[in-house]
Amino acid sequence: MKNFESANLQSLLEEVAIGARSVIGRGKVADYIPALARISPDKFGMVVCGVDGSEFAIGEADETFSIQSLSKVFALILALETVGPNTLWKRVGREPSGSAFNSLVLLESERGLPRNPFINAGAIVVTDSITAHSVSPILQLMGLVRRLAGNQKIYLDENVAQSEAEHGHRNAAIAHLLKSQGNLEAVVEDVLAAYYRQCAIAMTCRDLARSFLPLANGGTHPLSGEKVMTPLRVKRINSLLLTCGLYDGVGNFAFRVGIPAKSGVGGGIIGVIPGKYSICVWSPELDQTGNSLAGTRALELFSRKTRLSIF
Amino acid sequence: MKNFESANLQSLLEEVAIGARSVIGRGKVADYIPALARISPDKFGMVVCGVDGSEFAIGEADETFSIQSLSKVFALILALETVGPNTLWKRVGREPSGSAFNSLVLLESERGLPRNPFINAGAIVVTDSITAHSVSPILQLMGLVRRLAGNQKIYLDENVAQSEAEHGHRNAAIAHLLKSQGNLEAVVEDVLAAYYRQCAIAMTCRDLARSFLPLANGGTHPLSGEKVMTPLRVKRINSLLLTCGLYDGVGNFAFRVGIPAKSGVGGGIIGVIPGKYSICVWSPELDQTGNSLAGTRALELFSRKTRLSIF
Amino acid sequence: MKNFESANLQSLLEEVAIGARSVIGRGKVADYIPALARISPDKFGMVVCGVDGSEFAIGEADETFSIQSLSKVFALILALETVGPNTLWKRVGREPSGSAFNSLVLLESERGLPRNPFINAGAIVVTDSITAHSVSPILQLMGLVRRLAGNQKIYLDENVAQSEAEHGHRNAAIAHLLKSQGNLEAVVEDVLAAYYRQCAIAMTCRDLARSFLPLANGGTHPLSGEKVMTPLRVKRINSLLLTCGLYDGVGNFAFRVGIPAKSGVGGGIIGVIPGKYSICVWSPELDQTGNSLAGTRALELFSRKTRLSIF
Amino acid sequence: MKNFESANLQSLLEEVAIGARSVIGRGKVADYIPALARISPDKFGMVVCGVDGSEFAIGEADETFSIQSLSKVFALILALETVGPNTLWKRVGREPSGSAFNSLVLLESERGLPRNPFINAGAIVVTDSITAHSVSPILQLMGLVRRLAGNQKIYLDENVAQSEAEHGHRNAAIAHLLKSQGNLEAVVEDVLAAYYRQCAIAMTCRDLARSFLPLANGGTHPLSGEKVMTPLRVKRINSLLLTCGLYDGVGNFAFRVGIPAKSGVGGGIIGVIPGKYSICVWSPELDQTGNSLAGTRALELFSRKTRLSIF
């Protein structure tokens, strides 16, 4: 069997979409806030961006959805720029968590050092490191996101942010615990406000796939030519995506799909194939580990059919 | 060796005080809030109240201090009156915690049911059950405390309450976690405000020993004649004091002293010898488990010298 | 309401038995070894021994059953005699465990110091301390048991011991873990053999109630006049029974019944009312915490009807 | 900076060796068994095998050492052949453990399903799956190892195996716990004997690098031409190496080095760069997570200097 060729990518996406859509109905849309619960479960969009500037889309590729935890990657990029790796990695670990994304247990037993920047506790520390050094952390983050996506119209859904705040007692517990452990610089309420707002950014599959292109291209954005980060930082962020990007489903995802990826409870999931593609899928139903069910399936099918993975 | 006689109790207290004072210097005054940290570590007061109305005192028996966790017993008594045992025991367990008093781990693994009413999580639920059913929970609690102590001048130190609130991020974490788990009825901020204020009540050893007399006398207050609770409730509260009253030092305290007791980080500790005495000791230095060092020693010496214990 | 009088104790036992028998059918006989699983679930026996030499019995008071964990109390008494408290308490803690009796988690996190002598890990260390200092630890233990019960015919059921050994992989795991942590002196296989055999001792309610009389009588056996231990050791063992004797049901038992007690998965449960009685009940069905269902109920009814408890 | 060229690989290895050797003295040779403790800490060997048949070596490349946990990869390959993936993955998970390699805690809380095949509990289940289906599991494993390495002289050091058995109480605890949880088919003692023996296989860096070549070459051994496994199985094993191969240092290793790898307490560590190389380094001193200190450093330098990683 020979490898796929780029020319066939559109028809391959169609096959992938058919296979991925077939699992819709077996998952569950996130319902902890009303704004997410009311999304139609049968949405499916997918965009593949090549480092050569090519772009392939299928389904609801241009419909906005709540990026939720996908924002943790943007926040990490911004925090590394803002405070530098030496400062940040003293406050956050780089190991898979081995337990649910919003657990307080590890935080307590490990004295306030969150396992990695993609569990909620770690993401809150990352957001804090920006918040403590900026008068308008969210404006900065929105600026980065719009630049990476090449879309100045990307907005923040204040209704979602408000709804997150009202239902965010577990995140508030995490932030207060971090504060009591001395690993939160800014005021708890300020950090949480920024955190809820970053999660409420609304983007399309196309926006997201484009904005992750630098991670597939050694740090340079192929569309704008901007050198967003060094190749070393790309390598490191991709390694964190692989070992920590999918909560406690990370090992199984690496086993089945084999590419660095990040998911959000809004149903978005983005994968990176270094040197080749960034791929964003959106389908709101989640599996038991909180990852998009059809999105995971789509990435698995894409990896299998293209024979592309990092392994 | 014959048993002690009441007549000799004053001289026995003097012996006990000498022995107990000798350990002062080996502990550490609570320093998590300034208001507690500035207390002189060499304070020592002790009052023994007999169910026959007798009363013996030594040292700083009439100096006020912050009752802190001792308030959890008053709050439990009030909550049992307010919402009844059937309602309360659905929300709080009755087992020793086996871990530190302010741990979030158990709370998470046991889905929001605190192990017992004397760890912080349980005490916050107890306070919530009062708060949710009262326009002025603290006024009610102050009323109970003043009545039990027979002292209308007992006050609440608002500076301490304010200080607790400012340094209370761990308790805030616990309350938010309970809220997210569905085991907090009132608004988080209201429950915490009430909780910090109950901890800030200021009392003397004499006030406290008198207020615990009903637990030594089958529920009837020997000084006022008021029937405060039933004998069955007395038995149950005393059992909770024995199995849960001293955090993770509970087994060792039962082994060494052998009486139901409750301690607070303000340095107060109260023991109950059913049918005989209530005993309050105050000495601000704490041992490693957070219990008054000289207070524990005083109760141990008292138990040994009088040969009184529940075992 | 006046207190009960000894004269009425026999008729009170009849009432207790009726009430206790009524819960039979809601529990589950231990089935991890065939020898226990085949016991008829509707057995019920109860014996109350007074420190004045009085004795009251009802039901299958003279039928032998497997004492299982009740043996841990005899082993503790023997170990304290053999190696002394200073040595023993360096190897075993005195705090309630807060988790299931056969858990390895605490053992690992606390580096080989079992929480107390009544969880399996602690009991194995206690047995080891005897085994390491005796050529025939079980003969010694049988000698103590027979002497305390005043019955030379007490035997050890080798079939049960054999069956325990065959199904004892969890206890083997505990013993090997203790060995790897440096808290086992004797050879693992020898300790386990002794442990399985002590659990397989067969006794009647009458044997057991008599053998616990010293714990109700300040250390002196009222039937033989033998001074078995000091009053201080009695106080301490009773405190351990109260805080650690019933696994993770200890707080609830203290709340409902309020007396020091020990249970075994053979369905036996013994309570001690200091200065008054030792009480043994046998009923094979267990509740969810592994304690005899009707046995617990019988002790609760006895405590309520006599108004006797330590609180 | 341009990419390295194969021609320069020997001189690059010399640079790597100098850099890696410089950290020797900061780690600690495994000392839990005498046979390992007596190895000289300043040993250093490294072999790089290319999928094109090229081979580069430096230092003690042909000195045998105890492969220890590296054997877990061979055992996994054999078990997948023997019982098939469907059977095996029902008994072992595929998630990073988030805690120490020999922990019993997770095993207990997750009811006998080890997190992954490379922590001890998982490896014991893997060995059990072979043991339960073979009269001579170790002969089979030795056969596989010799074939993959192309070296019939590879032997098993019975002294090391014996020493492991004598000091293996923690592994015995794990095996007994697995047995009690119903996840061990063969007799505990048989599984442990096989497990200790597989850890005691002695190999050189050259043997090991050659034997891992199929994982760098899509499943086909470039030296023998044997199709050892399918490309899909290669991808999956490599993903497991990346997410679970280095105990609780896995995230940090991926961050710093970025290639699938497996380490052993004998000081061996093997990395795989899919499509390019297999690399084995040996240096006995271990870091705090139990991985070869200079070996990890060597792989990091190799990855950095060649700019090769999977990210």
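List of remarks:
Think of it as A, B, C and D in the order they're written, each chain with its own count starting at 1.
FYI, a contact is a pair of C-beta atoms (placed from the backbone, for glycine too) under 8 Å apart; a residue touches a chain by one contact, two chains touch by 3 or more.
Since we're looking at a predicted model, the values are computed, not measured.
Under the contact definition, chain C and chain D share no contacting chain.
Ranked by separation of Cα centres from chain C, the top chain is A. Here the spacing of chain B and chain D, counted between their Cα centres, is 56 Å. Once the centre of each chain is set as its mean CA position, chain B and chain C turn out to be 32 Å apart.
Between chain A and chain B the centroid-to-centroid distance comes to 48 Å (mean Cα coordinates, whole Å).
Across the assembly, chain C contributes no residue in contact with two or more other chains. Pairs of chains meeting the touch criterion are A-B, A-D, B-C, C-D.
Residues of chain C touching chain D in their complex: 103-105, 108-109, 169-170, 172-177, 179-180, 188.
Within the complex, the chain A residues that touch chain D are 93-99, 106, 115-116, 231, 234-236, 238-240, 242-244, 248-252, 254-255, 258, 260, 274, 307, 309-311.
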